[in-house]
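Both complexes below contain chain A, partnered by chain B and then by chain C.
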Partner chain A sequence: MIRLKPLLEVRELTVVYKVRDTMKYAVKNVSFTLGEDEVLAIVGESGSGKSTIALSIVGALPENAVVVRGRILFKGVDLLRLRPSERRDINGKEISIIYQDPIAHLNPLRKVRLIFKDLFEDHGVEFNIQKVLELLRKLKVPDPQRVLESYPFQLSGGMAQRVFIALALVLNPKLLIADEPTSALDLTIQAQVVRLLREVRESFRISMIIITHDIGVATSIADRILVMCDGELVEEGSPEEVLLRPKSKYTANLVNSTKTLYEGVMSWVY
Partner chain B sequence: MGVLIEVNNVRKVYYIGSLLNRRPVKAVDGVSLKVEEGRTHCIVGESGSGKSTLARIMALIEEPTAGSLNVFGVDSTKYFRRDLRSDERNFIRKNIQIVFQDPYSSLNPRKKVRDILAKPFKIHKISYNEDDLKKLLDDVGLEPPEDYLDKYPHQLSGGERQRVAIARALALLPKVIILDEPTAALDMSIKAQILDLLVKLKKQYNLTYVLISHEVPILTNICDDVTVMYYGKVVESGDCRIFKTPLHPYTIGLLNSVLIPSPESKTRNIFAIPGDPPSSTSVVSGCAFNPRCPLTSEICVKHEPELRDVGINHKVACHKCDQGVFERYEEYRDSIMRIWKEML
Partner chain C sequence: MRWLNSLTICVALTLLLGIVGLLADLIAPYDPLNTRMFRGLQPPSNVNLMGTDQLGRDVFSWVIYGIRTSLLVGLSSATIAVAIAVLIGLLSGYRGGIIGNTLMRVADVFLSIPRFMLIIVTVVLLSPRISNIILVIAIFSWPEAARVVRSEVLSIKEREYVMAAKALGSRDLDIMVSEILPNVIPTILSLWTLIIADAILTESALGFLGLSDLNYPSLGVMLMMAKNAIFVGGWWVLLFPSIALVILILVFNSLSDKLIERLSPRLG
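Up next, the complex of A and B:
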């Protein structure tokens, strides 16, 4: 295997949430690296701390969360030690995040064109509509001119998802984080989003972290899978290793219950 | 085996928008189906297909705009007009119970588990004691029961809450339990546990289930009969063999959209039906699936297909399917998938 140059290094990350007078550990001493152009999936059930990791990387932790220990090195710079202004420069430009519900995260009062314009201006980059159009075309948005003049609520679910991904990609970030991009979506839309993320990985030089609770999604796209349980990293390996030779008991159980549920499906998918 | 619930050409129209700009939303548009005793009848569809509205109608929570139901031999129009004797009415109410999708909002946050489980008994003025409640918790696998009786819903995990919701539905030993996306909000391992529980309870108490879900892989484990819905209408129905030989292009596409966890999945092509489902207020002439269907021709745009028999216990609403299709099934299926894959 080629040793990939690390883009992101998470070292001994420990995050606690203050709930009234008690401290709850959300992430306990988690370390991992992400290489350039690598796609990593973090799999875990609700409360396992997987989203907390994503939020730590983009600096969007809720107020009651405290990073008690650890470093997050992005291109050698510790993201946790940055000032808010430096942080804002990186978010959206170097690191982008997408969520499962695109319409809820797009400003409902601005046309799509203006949302793009705001993003460029926030990062002090000259607004380049040609670049946006080209990107939308690359993401197979039909009639991108019309889409740019629409408000988010006028877009269909699939279109909004594409626009959202275009916003995340337009400033050529090095890292795209997808936080539960598919949960609670219908089967056919879920497949569309995973297809889209695969296309993104093929046509852009970008590293990705996919946060998901769905092993099916993880194995469909990731080079490497991390499994989290109760804030701890219990497994790390390729999809093959995780599915066929899980090291931890927790992963073995997770894989087994998924397999049982999918047993009926295996026979009729061609 | 008797038919417990018969749905006849039921429609439900909601209106949205302001007073001057009222637009109809046909949530359920002419659905007929039969729920037979002792079976698990699955209703499959995506968000907006009308499956949850249908569940609410079948639970008699919602009155259909047109059409009627026959529930345990009683006409539902009588039920909604309150033309029934109270014992008949209570019989129906007691024997259809529903479990909702979201166990976080379907349990009263201010009541203890004890009170939540006692409520059905109180409503129907049936005497009960603490042992009955414990037995219910025991049945749904919350052990030891005495630890759970005095807890509030917020002290329980998602899986535990769903178990409480199931226990509440089970309290009066109904004939039919309607399960509206019972596992959608749960983690994978919990889904498997809840499914096992449902199978166990069905055997133990001779229940009939109506299971509403969009999680195809999950319901293949439990289903006997299937009704596939798209945009308020039934596109395909039959027994669970239709998962082996789906005929409607939508069902074929849906089943192929499942992301299977396997070591090869990273290199496998991912299939997704091109296009988006129609929005709730849009009007599609002819077959609602025609804008996305690879087989669309003139007739599909002009005429709406009827749901008709194409095999033993297998109905399809598609102009392009007839009885002969089984003879060349693989060719038929592969041609649909081929056209789609080229479109992608």
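Up next, the complex of A and C:
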């Protein structure tokens, strides 16, 4: 594989959560890089620290979390040492995030058009409705005019996901983070979201980090997969390597369990 | 009370009361402050619809002007109180930290001293002018409302859409104004109407104790007259102002209930 120029470099990141008087390590000494236009998936079970990594990158860690060590270099700038105002300039404009439940992440009392307008204004960019419409069309939103005049609750789940992706992409960020984009969705919708993310990757020049616990989703989109267990990075490699030649026992078990489940379901169906 | 169970009826009644208050000059047949000693304690008749009190003042005119005073005091003091409450509640709920905690301790101090005592003492000290009454009621009404607003803000700021706005780079002020505030408005409206009802009651109570602005007839003052009048058979002096007061408070209380029911997006 070609070594791409790194856009994001995470070095020895260590994050702890303070729970009353004890410290709990969520991420232990994790390092990885992400090249331009590269899609990286971080796979792990609940509590493995994968979401904490995503939250550290967007700077939305909960108040009881402390980054004890490490650096997150984005275009050579350490995100962890930025002032809040500089941080805000980067969020949404350079680094964006999408979530699994888009409707809950849209203010229920504001029309979609106003949500877009807020985003432009927050970044001091003049509101360009044509650009929004074009992007919505590109993301295959039918009747984007009407969607802009709707409230979030009037959108279907798939439509809201597209709107949210448009929101994340409209200011041309370099990096898109998808935090558990498919969890808690049924299989058909899951397939739709995976397809949507593939489309996004094909039509926009953008790097992506996909946080998921589903190794199937990870292998179907990503160029490279990181596997995390208990806050540590246990495996790194291309989808083929991870699926066929896992280096760690944990990954092997993870792949096997998915296989057994899949085979189990199949034998039950047929 | 089945017929009060609809927001439209509540709003209509509120508007009706508002019109009565606004058009008091046209509706009231007499100057309520005009005393005629020879016509004291007249029972209801064609001349005095609701009779007269011991000093010969027309109870009907007094009630009409009393509604105006109640609305004036209720609306202005509730508006001031809610404005303070929203400001402080938003700030301390969203920001927390030293500022937020200090503001809440100030609210605690206000809440821990019996409110009505404080209001009486302050009004006596400042002299019972209408502006003083409004301000004093407002100043002693915000802490409870601020508490409620704060708790709403505390829960709303953890919602996903606030997180998302942060992750997409919104400034704190923008988050407070365009993400959180609109979602607190149902609560604010409901609090506002509730405080109106409370302020109306407080104003009447002050009037009953003799602490009212003499240029603004208070329903409480007529109730104070009634205290003596009923012993010589003047039931009308008690009945009509009481009914007016009950209607005022009932309407604003139900309005508050209906508003929160109708506007709250969680129940929608």
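Here is the rule we use: the second predicted complex is superposed on the first by the 263 of 270 C-alpha atoms of A that agree within 3 Å, B and C clash if a C-alpha of one lies under 4 Å from a C-alpha of the other, contacts with A are read in each partner's own complex, and residues count from 1 in each chain.
We take it that contacts are C-beta pairs under 8 Å (C-beta built on N, C-alpha and C of every residue); 3 or more make two chains touch, one makes a residue touch a chain.
These numbers were taken from a predicted model, which means no experiment stands behind them.
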Mind working out whether A:L167 is in touch with chain B, chain C, both or neither, as first, second, both or neither? second
If we overlay the two complexes on their shared chain A, which of chain B and chain C does A:Y99 touch? Say first, second, both or neither. second
Who does A:S207 touch here: chain B (first), chain C (second), both, or neither? neither
Going by the contact rule stated at the top, is it chain B or chain C that touches a larger number of residues on chain A? B
With both complexes overlaid on chain A, does A:T251 touch chain B (first), chain C (second), both or neither? neither
I'd like to know which partner A:S56 touches here: chain B for first, chain C for second, both or neither. neither
In the complex, the residues of chain A that touch chain C are 58-60, 87-93, 96-97, 99, 101, 104-110, 114, 118-119, 121-123, 164, 167-168
Residue numbers of chain C touching chain A in their complex, please. 159-161, 163-171, 174, 178-179, 182-183, 265
Using the touch definition up top, name the residues of chain A that touch chain B in the complex. 45-46, 156-159, 184, 186-192, 194-195, 198, 213-223, 239-240, 243-244, 253-255, 257-270
Under the definition above, what is the set of chain B residues touching chain A in their complex? 46-47, 158, 184, 187-193, 195, 214-218, 220-221, 243-244, 253-263, 265-266, 268, 270-273, 275-277, 279, 333, 337, 344
